[in-house]
Amino acid sequence: PSLPLPRSFLLKSLEQVRKIQASGSVLLEQLCATYKLCHPEELVLLGHSLGIPKAPLSGCSSQALQQTQCLSQLHSGLCLYQGLLQALAGISPALAPTLDLLQLDVANFATTIWQQMENLGVAPPVQPTQSAMPAFTSAFQRRAGGVLAISYLQSFLETARLALHHLA
Amino acid sequence: SCGHIKISPPVVRLGDPVLASCTISPNCSKLDQQPKILWRLQDEPIQPGDRQHHLPDGTQESLITLPHLNYTQAFLFCLVPWDDSFQLLDQAELLAGYPPASPSNLSCLMHLTTNSLVCQWEPGPETHLPTSFVLKGFRSRADCQYQGDTIPDCVPKKRQNNCSIPRKNLLLYQNMVVWVQAKNMLGSSVSPKLCLDPMDVVKLEPPMLQALDIGPDVVSHQPGCLWLSWKPWKPSEFMEQECELRYQPQLKGANWTLVSHLPSSKDQFELCGLHQAPVYTLQMRCIRSSLPGFWSPWSPGLQLRPTM
Amino acid sequence: SCGHIKISPPVVRLGDPVLASCTISPNCSKLDQQPKILWRLQDEPIQPGDRQHHLPDGTQESLITLPHLNYTQAFLFCLVPWDDSFQLLDQAELLAGYPPASPSNLSCLMHLTTNSLVCQWEPGPETHLPTSFVLKGFRSRADCQYQGDTIPDCVPKKRQNNCSIPRKNLLLYQNMVVWVQAKNMLGSSVSPKLCLDPMDVVKLEPPMLQALDIGPDVVSHQPGCLWLSWKPWKPSEFMEQECELRYQPQLKGANWTLVSHLPSSKDQFELCGLHQAPVYTLQMRCIRSSLPGFWSPWSPGLQLRPTM
C-alpha cells in the first residue's frame, strides 16, 4: 500500500487540472471559430497518419486505481502532451498566446506530480525522455493536430481528475 | 498524410469561380481502395466533387468548381466517408475580395512640434483582403517635374490611413513629391501625386491672446475700450506671420467684427468703440505672411470687459 | 588639448572631500610658460589650487581638495588667466549622494489576466545618484531553503518600483524566492527575501453579483425578500473559492449584516427578513478555499428592492 497523498498536493493538483481544462476548452473554441475545425472525431484518420498518440492512464482508472503507477502515468502523459503542444508552435499568431499558456500550465502540473513522486520516493532516477513528436508539414495539419491533441488532453485530464478525487 | 487540396487561384474576386482538386495518395493505408472523395465549404452541407478519377500513379483525384465564391474568407474541406461519419483529409483557405481602388484626398501637414510631415488619405472602398498602404515620395525642384532622391517608404501603423515622415527624411524649403500606393493579392493602385514644400503646409496654431490691465492712471479713462497683447505660437516664432482679430459683443445673434493685417506679436493694442455689451469675446488667428501657408484655427475665445 | 582634469573618486558621499588635479602639457603653445592654473566649482568664484608644481616631463600640475562636496551634481572647471579674462581648459562632472538603503516592503501579486507576477517594493531614501533596481529570484521547494534554477532578472521600467515577471519565467504551484537588489556607484544593497508560490498570492477580483427577477407566480409572495445570483470572476473560475455576502439597508448609520461560507457560484439565492428599508445595498467578496490566498475586494454595491 502506498503512502497517503498530502491534502495540499491533491487540492493543488485538482486546481491545476481545472486550470488546464479551462485553457484547453478556450483553445478548442478558438480553433473551431477560426478554422471551422469543430469535430475532433473527424480528425482521427489524420491523427493516425500524423502519429498523434493517446497517453495511457490505466493505473488511474477507477476499477484498478494504483497510486504509484497512476502518478507515474500522469507525469509521463503530461510530458507527452507538453511535447505535442510544443510541436504545434506556429499554429497561428492569434492562438499562440493561449497555446503557450496551456503548454506552460501542463509543464508546471508535470512538475507538481514529479515533486510529489520524489517526496514519496517513487520517482525514477531520471525523468522520462521526450518521445518523438509528429512533424506537421502544413498549416492544416498543425491546426487539425492541435484539435486532436487538445481533445485527447482534455479526456486524459478528466480521468486524472476522477483519480485524484479517489486518492483524496 | 493522406489527402491534399490544391486551389487555383487561392485568391479571387468576390463572386468569381474557384477550381479545387483533392488527391488521395495510394499509400494512405487506413482507407479502402476507392474512397468516395467529398467536399464541404465552411458549414455548408457535404457535397461530392464534379469528377473523380485515377491518376497514372494510382492517386485518386476529385475535382470541384465552386461557381461563385461569395465568402470573403472561407475554408474548403476534403473528406472521405468513415464508418457512419466522415474523416477530414485536408483544409484550404479561400479568400475573395477586390483589388484596391486608388487612394484619394491625399493631404499633408507639417507638424512643427514633432518636426514631421503627416500625410493622410482616404483608402477607397473595402477590398475584404489584407491590403497594405505605403506613403512614397522623392525630392524634387520647383516644378516637381525633376525626380531627385527617393525618400524611404513611410509604412503607416496597422489600419491607419496616415503616415508620419520623420524630420531626417525631409528637405525643408524644397519641393517634394508624395503619393500613396495600395497593394493586395489582387492588384495595386496609386493615388495622384502631391507636390509640396513641407514648410508651405505648416500646421499653424493660433497666437496667445492676453488681456492687458492698463492702470487707471496711465490712460485717459475713455469708456468702451479694452487693451490686449498677443504673441505668436512659440514653435512658429521664426515664421513671419500676419494675423486677424475678430470680436463680438456677448449678445444673441451678434456679428463678428474683423481687424485684418495685424502683426504676429503686439505688446499693447487698444480696441475702442465697444458699447454694445458689457462683455466682448475676442479671437485671433495668423497665417504665414508673403509665403504659402494655412491659416491657424481661431484662438480660444477671450472674454473681456471694456471700460465703463 | 591643453588641460586635463582628473578626480578621484569621481563619485563621493554627499559632504565628503574630493581631490582633483589639472595638468597642462608643455606643448600647449598658446599659453605662456608658467600659467597660473585656477579652478571654478559650478558658479562659485574662481579660486587657485592648493599646490601647483612641475612634473618631470615639464607638465604643470595643480592640485585642489574640495573639503565637502555639497552638490549632488556639479561641474569643476580648470582655467588659466587670459588677457583680462580666463580660458577654460577642461571640465569634469562631480557626483555626490548615498549608497542605496535596502529596499523594503517587498510584496507580490499574481495577476491572472496578464499571467504575470507583479512585485513592488519601497526603494528607501533618495540617493541622489542614478540607482538601478533589479528583481531577482530562483526556483525552490516547499521550505524555500533549496536553491533551484535562477529566474532571469526582472528590470523595472524607469523610475518604477515594481516589476512584472512574465508567465514563462514562473513555475506555478511551486515555491520560489524573490528579492530586490539596488545598486549605484557608491554601493549596493538587497531587500529581505520573499518565499512564495505565485498561485498563493493571486490578485482575486470579486464575483459578479446579479439580481434575479423571480416571477410573481413562482414564489409565495413573502414580503421583505429578494433573490440574487452570482458567479466567480471568469479568470479565477478554476480556483475553488468561498465567498461572503454583506448587506445593509439604505439608512444613515446602518450596519452591515454578513453571510459567510457561501459557494463561489449560485444560480438562485433568497434573502429574507429585509424590512428596515425599501432599498438594500449588497456586496460580495471571495477567497480561495482550503489553499492559501487573499480576499478579493468587495464587489461594487448592488441596490435591490425587497418585495413589499
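Per-chain numbering from 1; labels A, B and C assigned in written order.
In this text, contacts are C-beta pairs under 8 Å (C-beta built on N, C-alpha and C of every residue); 3 or more make two chains touch, one makes a residue touch a chain.
Quick caveat, the model's predicted, so the values are computed rather than measured.
*Asks:* Between the chains shown, work out who touches whom and classify the graph as line, ring, star, complete or other.
*Replies:* It is a line, because the chains touch in a row without closing up.
*Asks:* Going by CA means, which chain is nearest the middle of everything shown?
*Replies:* That would be C.
*Asks:* Could you tell me the distance, in whole angstrom, between the mean C-alpha positions of subunit B and subunit C?
*Replies:* 40
*Asks:* Calculate how many whole Å lie between the centre of subunit A and the centre of subunit B, each centre taken as the average of the chain's C-alpha atoms.
*Replies:* That gives a centre separation of 47 Å.
*Asks:* Centre to centre, by mean C-alpha position, how many angstrom separate subunit A and subunit C?
*Replies:* Here the centre of subunit C sits 38 Å away from the centre of subunit A.
*Asks:* List the residues on subunit A that touch subunit B in their complex, please.
*Replies:* Listed in rising order, the residues of subunit A that touch subunit B are 35-37, 41-46, 48-50, 137-138, 140-141, 143-144.
*Asks:* Which residues of subunit B touch subunit A in the complex?
*Replies:* Within the complex, subunit B contacts subunit A at residues 1-2, 28, 30-31, 42-43, 75, 77, 79-80, 82, 85-92.
*Asks:* So in the complex, the part of subunit A that touches subunit C is made up of which residues?
*Replies:* 7-8, 11-12, 14-16, 18-19, 21-22, 100-101, 104-105, 108-109, 111-112, 115
*Asks:* Which stretch or stretches of subunit C touch subunit A in the complex?
*Replies:* 115, 141, 167-168, 170-174, 199, 237-240, 290-291
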